[in-house]
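Below: a set of structures, written as structure tokens.
One chain, subunit A, appears in both complexes that follow, with subunit B as partner in the first and subunit C in the second.
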Partner chain A sequence: MNPQNTQEKIDSFSLPDRKSESWRKIDIKRIKQIINLSEGEEEEEGDNSNNLPVIADNSFRIILRTGVNDIDINKLPEGLELITTSEIREYINQSINKLDHKDDWGIKLNNKAKTQTFGLRIKKNNKVSLEIVIPEKINKLKAMRLLFIVEESSKFNLLEVITGETYSAHSVVSEMIIKENAIVNHGMIAVSKGKSTLLAKRSVSQEINSNYSFSFINQGWNLSRIEPEIVQLKGQATTYLRGLQIAQENQQLSTFSKIKFNGPDGNLNQLQKSMIENSAHSIFNGIIDVPQIAQRTNAAQLTKNLLLTEKGQVDTKPELRIIADDVKCTHGATISELEEEELFYLQSRGLKSSDATNLIIKGYAKDILDYFPLKISRWSSLNPLFIQ
Partner chain B sequence: MSKNDAVAEIVSKPYKYGFLTDIETEKIEKGINENIIRLISKKKKEPPFLLEFRLKAYKQWINLKEPDWAEIGYPPINYQDIIYYAAPKDIEKKKSLEEVDPELLETFEKLGIPLNEQKRLSNVAVDAVFDSVSIATTFKEKLAEDGVIFCSIAEAVQSYPDLIEKYLGSVVPKNDNFFAALNSAVFSDGSFVYIPKGVKCPMELSSYFRINSGDTGQFERTLIIAEEGSSVSYLEGCTAPMFDTNTLHAAVVELIALDDASIKYSTVQNWYSGNEDGKGGIYNFVTKRGHCRGKKSKISWSQVETGSAITWKYPSCILQGEESIGEFYSVALTNNKQIADTGTKMIHIGPKTKSTIISKGISAGYSKNSYRGLVQIGSKAKGSKNYSQCDSLLIGNQAEANTYPYINSRQLKTNVEHEASTSKISEEQLFYLQSRGISNEEAVSMMVSGFCREVLNQLPLEFASEADSLMALKLEGTVG
Partner chain C sequence: MKVSEKPVILEIKDLHAGIEGQKILNGVNLKIHEGEVHAIMGRNGSGKSTLSKVISGHPSYQIISGEIIYKGKELSEFEPEERAVKGIFLGFQYPVEIPGVSNMEFLRVATNSRRKEEKKEELDSFDFEELVNEKLEIVQMDKNFLNRNVNEGFSGGEKKKNEILQMALLEPYISILDETDSGLDIDSLRIVADGINKLSRRNTATILITHYQRLLNQVTPHYVHIMNTGKIIKTGTKELAIELENSGYGNIEDPMQANNPSSI
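Entry: the complex of A and B
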């Protein structure tokens, strides 16, 4: 881990352009709170390593703390290799540049902060299961830059767990380079207790015949912005995106996804679900970009929103840009409340009203939670829904 | 003939309304400033409130920025290089059609809109607008028997100033957006419709817009008011001659429906779209909005957009009255280098409001066809429902189809559903039809027509002459 101390203070950092479509709906007051946070010293790290659940079978756990290098290279499982700082520099921005990010505010913030870098290589033909835990820095901003290179024909299960309890903020920018024939099952549990902020960019580039599945849960942040951005470099790859957003109290949770097909015969299946309670605000923006070269692309996007209380707010905006003519692209969006009929049916079978509601919600979440790697039921202290 | 050839032939029929009428016109000098606005107002003998309306709009327009969010990408428009008023000479509204310049009548006849008594379309009253002024309005007397007012805006300003003062700008405020402000400052003519309480308008009303001068902008203004329990169906058609310069068309349409009233507004837009290389054509930047003010009122927009170099419009409904209904049915066909950025906004304010959106985009050649829509459910719109469907059909591998459906909801007791698909003409279906002995061209035509059917079915039958322009594009009905 290599803290970069040369960065200037971010106090003077300018706010994102509210006129831009992707920041228009974001509560700027909450962004200001991030900028006003100072960056913490090493010892202020929240340490909850004693409370962590058991490690899943046949997997390895890494806890990413600021400035503490507690990864023993010798203990890394077979097939995993730390990437050197110089190599990280070489690779960094590679996938991000492919997605035309010139003035991305989230990346700028990450660059300006005292960013920690960390990189891992999953070597050819190996199968690795890894859990990465990113705890908060109490009442401080924590910026991380991660790089994963998944080499040819390897199989990589990754579960990231990002948490926050205090008025802290995470800025995590990660890049994953997936080579030919590699299969990645990526899960992210991003759960907070209502005060912290999360800005997470997940930039992924896929070579042909690779398979990338990203499932995530976004819950309990004062403000969150999860940005999965995937580019199929030459098409002919498969991508699954499954997001569950649970917005409560007065939280503002958002997902901005972008998928670009730079070659023919790509596949995408995207399902985004939200549950909104109290006066929370849930935002989804999903770009699918199919240029002329991407013939025979097959892309499906579905957004479902479940409003559970009167005051919740939902914004959903699919964006499809299609130039190739031989494609199949579909998208759908729904906003609704709990089905009276379903509730009635369950109650007529003897379930209490609250139990019936819970059962429906559980089923609603199951579509997403079923696809996480590394048994997430272990993390049920964060959300009881994880026990399916 | 291969499939692509057939498609190419179908979508690239020449523009048959591109002729220019040689008629003496009175034009004012180019450019826009307060004096020009005073001059337009004076020429139209307008009451002071309207001049004030125009001047205020102009002041607001100067401070507004031309929007660029749609990333449409057109060269900058020089607003000082446009003539804001042009009218055929001596066109003080004639008492009878016999006094109207025969050249003009012939123009409209060529366009399939006969204004002569003998040849009039039965059961359709027409208001014909040539450049900046209304030439003739047919069946006025017959309509007056039922108390229906159908005339040009200019005439309404003279005869019914109270109604104009009360409703003009009440749905689209003068500073609503850049082009609406420009229109409010310099609007020339357009149609005015007033349907009194309880009256079902006995015939279809129709306006026909013709841009003739190459350097004139057209800024028409349409205002339709449907009082309690009334209903009306209104049709609008547009054509222009071929010039290799771009002409600006910035219209504003305002609809107001009170309790139990219903307005159906149909458009067949066939402005000149420029040549194959995208030279020339109309910039069609229009603001259309309907306000369902009353309980159980209904506003329905249907549009067939085939012309214009750039179309940029979002006919919208503000659903304020309880149980009011908004509908939007649209076919947008683009070819060559045309750009269409169109869609709708359904703003649900009142409880139990309902809206339906059906949009079909067909893009061919190097064109760009976007659906951009907003469905907004406000916190008081309990029990509201929306269903949206927007489908795109791509013909050729250089065309672009974009979809930006935006949904915002603040209400639990609602149901919003949106679905969309993008596809091409399926080889299998084409093969099937051909195997039944249907020629390639007919098969493509049938499939395109089937693709648009839900929308075309919404067009009033009486719109025969305008649907003709559709036929020219062979979107519909070429197969016997």
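Entry: the complex of A and C
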């Protein structure tokens, strides 16, 4: 990394506790590099958000360079409303207590930094499609705090695009409050070119009869840590989590998911896939918490890892904490190499080995990428796999 | 015979081959001319499928000695995809499922690879759809198969029909069909057999690897070969298959073994 350190360093900030399960496998040297980065000024120019693709039909795009200042309130589409900074702060304080985030290192870092805030309310009974682009600050740390309140019976398509090309770091903490009968299809494209770091916490609380789908791709970061944390506040909600992690070169990419059912009759379907190339390291830890009150929970978690080289490393850990007795919870984890028979089959039909490999990989990614909102093929410059 | 005056498509000379250090083929000799249909029969483990994999270039199999000459060129240096685009087609005994890859896309890419080699114009998706619809009729498959993933969730019969569909699209010079008749009900067997017959041309040849005579009732072979312990021990006509069906492999004698006192 290229640390422009000292001038605006986050003072006396301690490193994560490596004894904790959640940080045990993380490369602390790379964490130190984040701490040593200076922070970008709010008004400062310097990101790579030019040459964006066309906006998807019937949707609205916001580019978050400096937070709330980026938004022209008069241009917001019907059904969207800006949440004031003080309101955001109030929610943040509430959620820190509610979600047990006091000791969360990623959130501490976010709080300590010059965090830019941004919040939106999707008003009751509305349908809104939104794309949020979060570019990096070149060679600097960028900290953002986002809040989305999705009101009753509304439908919200959200595509977040987080990118990084330089020795920069993102600390993005977002909260989403999904009210009764609301449906959210949330996609996140988090793609870098190998040098940047991403720490992304996604806390979601779901009221009954709500439906939340989160699909994400995590690719190309020097270090990444994506933490979807979903609470079904009273159960009786549906959650889909679909993650694709593509680790290349010597990158270390991780996903730590936690889904808690605080009531009965909740549903979860989780599919986490990874592809590991070169000497990269892919980590997945998936906690499913089903306490006594969460009777008749129906949860399925499957993780699949495709190890494309001998030097690659995979750590995958499903963690089911089930206290309730009347539940249906399944989990599975596989680590496999590229199937020789699949390759040969395609080759025997005239496809070159490299084309056959690409086709198999494209197929492998499909059942994650198919669920993103807002036509991600527009973003194929970040990854050709997006053209399905 | 008239057929033998035609050009040779494939000639296998004293082929010895194996997998992971285990020798399976022990001197296979076979000559196939344009327009011919050859059936290869034999017990499980006799080397039939290995022969098909070696011809098509499966990377797990190694040639120890011998030659495979296809249209005048020795094959061993060619990658499986090079063999395929040159017109060698292997119909798999167990067609492989490719999750997430649409059959339509796969078939189009494969067809265009072959067309490119034949110096024919590559087809865009509209032109390809027209072609594939025409070929679907040969195997009486529904268009919906095209939108599904390659062989994923297909029944045994559907997988085999999909193989014949690929054969129809790729228009190979030589097709090696490895137990294409296994797992087929009577109707599907008839469709597959009709497909094979319709796709035969004067300048193509077919190798049918099979256990049963029922396929040979519908696709008449010019020659029937019996394989045992990694080589062809007897060659005859369709009557040989009938004889086998009636009396089993026990009565088929390897003439070489019979004349070799050390084997007694």
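The rule is simple: the second predicted complex is superposed on the first by the 360 of 388 C-alpha atoms of A that agree within 3 Å, B and C clash if a C-alpha of one lies under 4 Å from a C-alpha of the other, contacts with A are read in each partner's own complex, and residues count from 1 in each chain.
In this text, a residue touches a chain if its C-beta (ideal position, glycine included) is under 8 Å from a C-beta of that chain, and two chains touch if they have at least 3 such contacts.
It should be emphasised that the depicted structure is a prediction, and the values quoted were computed from it without experimental measurement.
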Room on subunit A for both subunit B and subunit C (clash or fit)
fit
Contact-wise, after the overlay, does A:Lys366 reach subunit B, subunit C, both or neither (first, second, both, neither)?
second
By the touch definition at the top of the document, which applies to A:Leu351: first (subunit B), second (subunit C), both, or neither?
second
Examine A:Ile28 and indicate which partner it touches, taking first as subunit B and second as subunit C; both and neither are also allowed.
neither
Touching A:Glu340 in the superposition: subunit B (first), subunit C (second), both, neither?
second
Between subunit B and subunit C, whom does A:Ile55 touch in the aligned arrangement: first, second, both, or neither?
neither
When both complexes are superposed, which of subunit B and subunit C contacts more residues belonging to subunit A?
B
Could you state the shortest Cα distance, in Å, between subunit B and subunit C after the structures are superposed?
13
Looking at subunit A, which of its residues have contacts with both subunit B and subunit C?
none
Which of the residues in subunit A end up touching subunit C in this complex?
339-342, 344-353, 355-356, 359-360, 362-367
Inside the complex, what are the residues of subunit C that reach subunit A?
56-60, 79-81, 83-85, 89-90, 92, 95-96, 98-101, 105-106, 109-110, 113-114, 117, 149, 166, 170
Which bits of subunit B are touching subunit A when the two form their complex?
69, 377, 379, 392, 394-424
Provide the residue numbers of subunit A that touch subunit B in the complex, in ascending order.
21, 292, 295, 305, 307-337
